[in-house]
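Sending over a structure as structure tokens; questions will come in a sec.
We just call them A, B, C and D in the order they show up, numbering each chain from 1.
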């Protein structure tokens, strides 16, 4: 950690600062130059709050040399993590196509959609049973009954399943799910993250609509530091001033996260777009940007879906998309290999 | 609810739409004019998803005539709600000054700060014991021990207390607190909101950094619809492109919420500013904008605070601020009365 | 235009509203239903300000049935516009690769970079001579001398050229350029847009970092309504709370604009990324999203560029990118054809 | 300037970096410590682009010790600048109330509004004659005729006038105006800023809706470095994800700018609010935050205004606001003096 002091910072202030750092078991090294005064901090400063430092007299800037996301960092672990969900693999060159409805609604709906996405080439089945809805009056999901329907449909189509968990208490109800999703609204529900770090199922962690990529990595760090290394990150759009789409899909997240972490990164274009006709171009763009997978909403009858129907693809549209994704991946691998 | 159809919307599409609405127990009224086609929906449409409607062929726009936040709406209840927390009152002309440290750290710290803020005129004592921190390696709060220290300090200084709850399981540990705070990161932790709706303590609900005011009201609706009407809303800054402050304090939230809801609205300038020297001007601005209260971070030794020291006022600075707030409120009440 | 009135809107308010609209040569049609009161407006309401209407007593919402961007609208002109710049074509299936340095610096630099990008497959040469810089102390461009160097390099390599215009007075100095660019900061410099509408050169209009897509279309409308139909739109990133990139590239702009307008849409990944290593994945993503072209910064010696070196590709990196772009386009066209 | 190098930065990279800086007439000082490698730069580095440095191999961070806004900086000039506009004074404790319609519409309108705002206590008269409108089909202002009407109304009511300039070519037409305003959309129209730096009239510079405060200061620097020191900054709201208001008024801009610059800072609550009923609370909040003035839209008949009627106050509402502003200022001065 490097602390840059104000040009007018006096000796007593410097002394107070050094003393405070020493009390925390750190060593310091002062350099007074014509261009400014710099205090180098030697030791593991990950527990030191940059904000507390900035509160002290004379401090102008604080610069961390080590990344705050220790376990998620690519430096700590250069090889990409491959997350295993049943027979599916995500990361390290393995692409994963996750598809299914926003909400589990009925046995028939799930069975039918699971079959059709399987046929189209999906690797995993998604379906929500605990739905975080802005309004308390909106459909809140089928809960335990839905969890059972999702599991049945997954077994029927031989697809591993992923579903959202919104509270620690749901862990038992969701025991049949192969992967647990933390939604955008719960990205900083740290008690939930800690609980998911203590169990063994892989976790799909979505970026909050108002979160930075650094914060996404720190939320992943909560799970990793709890002992669960099976984490997949998911970009799903951030909230901006643009109103033509529900959220602004930030595809630069894919290459930026690739540099910073060994964890796989997938993209959910459905929620960002908020309109089914935008899903295909955004999905293909995510693949071209280097995503390790896609999560796509598919519904047999979008107009009658109990939630988010506007953004769901029909099974036919999904099959066309899946075929294009395969062609695109082949093309990209070929051009990469030729290089 | 009024549904605006596309000019090229055909009869079969209109029929499908009407049928769907009728199946949900609603009546419809079609108007075909030169300026467009409009479908009026008669009945309680609060359970109908605008998004599902927008997904249907031929629908161009959906306009709710009734507000989605039924219980929180000022129309439903024109008189302002006054929330009671011990001897403190918030709303309906009663101003509440909440002060205390970001984190509870020790008995001595709490006793001392409680006394000094009480003397300066604070109405309530704040202090965090479960701290939602971006990093898992940062100080996470004293938990149960901290809850006890906060309660002792509150009793000692005869101030009601408020502290943040980050998970349903903490309800028992926080039983001595007089008010429970839902932090910005948990504003859409709906399971927590539902649990707080089922208990009786008043709730301080902070706006998420990426949330709209409409979403804040819908989160309040979760608590209200559970049976707990004692909710105070809190503006604490939203995330924007500006980096000079930690968050952009949105003071228009105060008059906008005043129009939309009967619930009290307070402002936390400390977290938005992220720097103690900006707290006073923003606090005074919040009072002038009509806030029902302020929540201010105060620490006896900000430079050594375990969290968020950069934004904490010293007890002396808080006393000066409290005195200015009183003068300002008197002035505003006088000019209002003269009018 | 459809005006939705408040449920408590009285007869005198409705009368005042109707009178005001009639005075502007419009007809009205009132519908009073159980679900609300709706006033339909018949006639060309494009000159009526929705904001003025919203200021009137009793008005709750205003909904335009016709798009405000009349000439730029795809409804007005379903066929895609193909913009011709020298031998280059943009739009309607014709893809255009624009490359070159941020700033024109010397004859040698331009000659060398023009040759190398031409060889790699670029269709047009870019280079700034009037540089809009945040700081008045930063390099402001070579002006007239630079314009001459750009033109020479373009002729030498047989590439049409594009350069930014920042004021009407530069039209004469830039007479040799084949296309004029309006930068993000000038997207709503309406006097400049009007002047460009009165002349004949094609215009490359960049989206402002704080602008919506609707505003971008309205700025294009300024040029089109002046008589110049040769406009290409360019997405280059919007400003958000994310700080890992200079701007957040909004690739949903490509399919959204495709629906709304017949004008070609290209993408500039260099400025959004702000870092050369992010350019390739974002460029490929833009192609997959359906962009009609790319604008890429290329510099022979990025570390010594006078502006924006951090985001410039070397000629070698550009050649690799151009080759991948071609492969990707072929793949996409093939899958589209098979469909 | 302090450059922080990557821990793995090798000797040849350091050498290349030092050579590049030396070629620009700067001296360097290298410190290799256990906590990292730091390169101090000695000399005036204001012409060096931090971005170019970040593009070089091995550079991790760049930290300016001197502010980039040299002339606008409070360090360069600790005393507040007082801008003189006719008899009005802005800054250094002198508060300025600017009022008038969005657009100049007629002689009668201007005469009437000028009289009423003068009577209510306004110090300056505003009125737009060149209107930057999102749509080319919206009212664009009366131009030269409007400029004459504004000047007449100002003389009649003995109020100095301010009006927006949108292009250098309008300088002659606006010669009677006492102050020229640069609107939010032109904040980075650098050619306009340069031209305003070369003339003598005071300038009211509005913050762009997507601009940071640092960029606002750099735009002011363009005017100052041209030789015109009479610049007033104006906060008028930034664009965020919130849609309840037209823009989010960022009142922290007032204390933040106060620290960074000696230039006066005023606030325009009308454009941010977009609704007249929000103007008063936001105006009072701006005063409490320490603003040097307010700019308020006032129209004799808001519902029939040719632009922005929704946010205009009636003369009566303005008189009430002006009276409250005076009471509030007195109260704040008194509490400040007592302190």
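The rule we apply is simple: a residue touches a chain if its C-beta (ideal position, glycine included) is under 8 Å from a C-beta of that chain, and two chains touch if they have at least 3 such contacts.
Everything numeric in this text was worked out from a predicted model, so none of it was measured.
A.B. asks: Going only through chains that touch each other, what is the minimum step count from subunit B to subunit C?
C.D. replies: Minimal hop count between subunit B and subunit C: 1.
A.B. asks: Going through C-D, A-D or A-B one by one, find the pair whose contacts repeat those of B-C for over half of the pairs by residue number.
C.D. replies: The chain pair with the recurring interface is A-D.
A.B. asks: Copies subunit C, subunit D: same or different interface, half of numbers shared as the threshold?
C.D. replies: Same; most numbers are used by both subunit C and subunit D.
A.B. asks: By mean C-alpha position, what chain is farthest away from subunit B?
C.D. replies: C
A.B. asks: I'd like to verify one number: the distance from the centre of subunit C to the centre of subunit D, where each centre is the average of its C-alpha atoms, in whole angstrom.
C.D. replies: Here subunit C and subunit D have centroids separated by 27 Å.
A.B. asks: Taking the mean of the C-alpha atoms as each chain's centre, how many Å separate subunit B from subunit D?
C.D. replies: Taking the average C-alpha coordinate of subunit B and of subunit D, the gap between them is 31 Å.
A.B. asks: Pull out every residue in subunit A that's touching 2 or more other chains.
C.D. replies: Answer for subunit A, listing residues that touch two or more other chains: 210, 238-241, 243.
A.B. asks: For the complex, which residues does subunit A have touching subunit D?
C.D. replies: By the definition above, subunit A touches subunit D via 1-2, 4, 7, 27, 29, 31, 33-36, 38, 40-42, 60-61, 63, 65, 210, 239-241, 243.
A.B. asks: Which residues of subunit B touch subunit D in the complex?
C.D. replies: Interface residues on subunit B, with respect to subunit D: 210, 212-214, 238, 240-245, 248-252, 254-256, 259, 272-273, 277-278, 281-282, 284-290, 320, 323-324, 327-328, 330-332, 334-335, 339.
A.B. asks: Tell me, which parts of subunit C touch subunit D in their complex?
C.D. replies: Answer in residue numbers: 16, 20, 46-47, 49, 51-52, 54-57, 68, 70, 132-139, 166-169, 185-186, 188-192, 194, 208-211, 215, 218, 221-222, 225-226, 238-239, 274, 276, 302-312.
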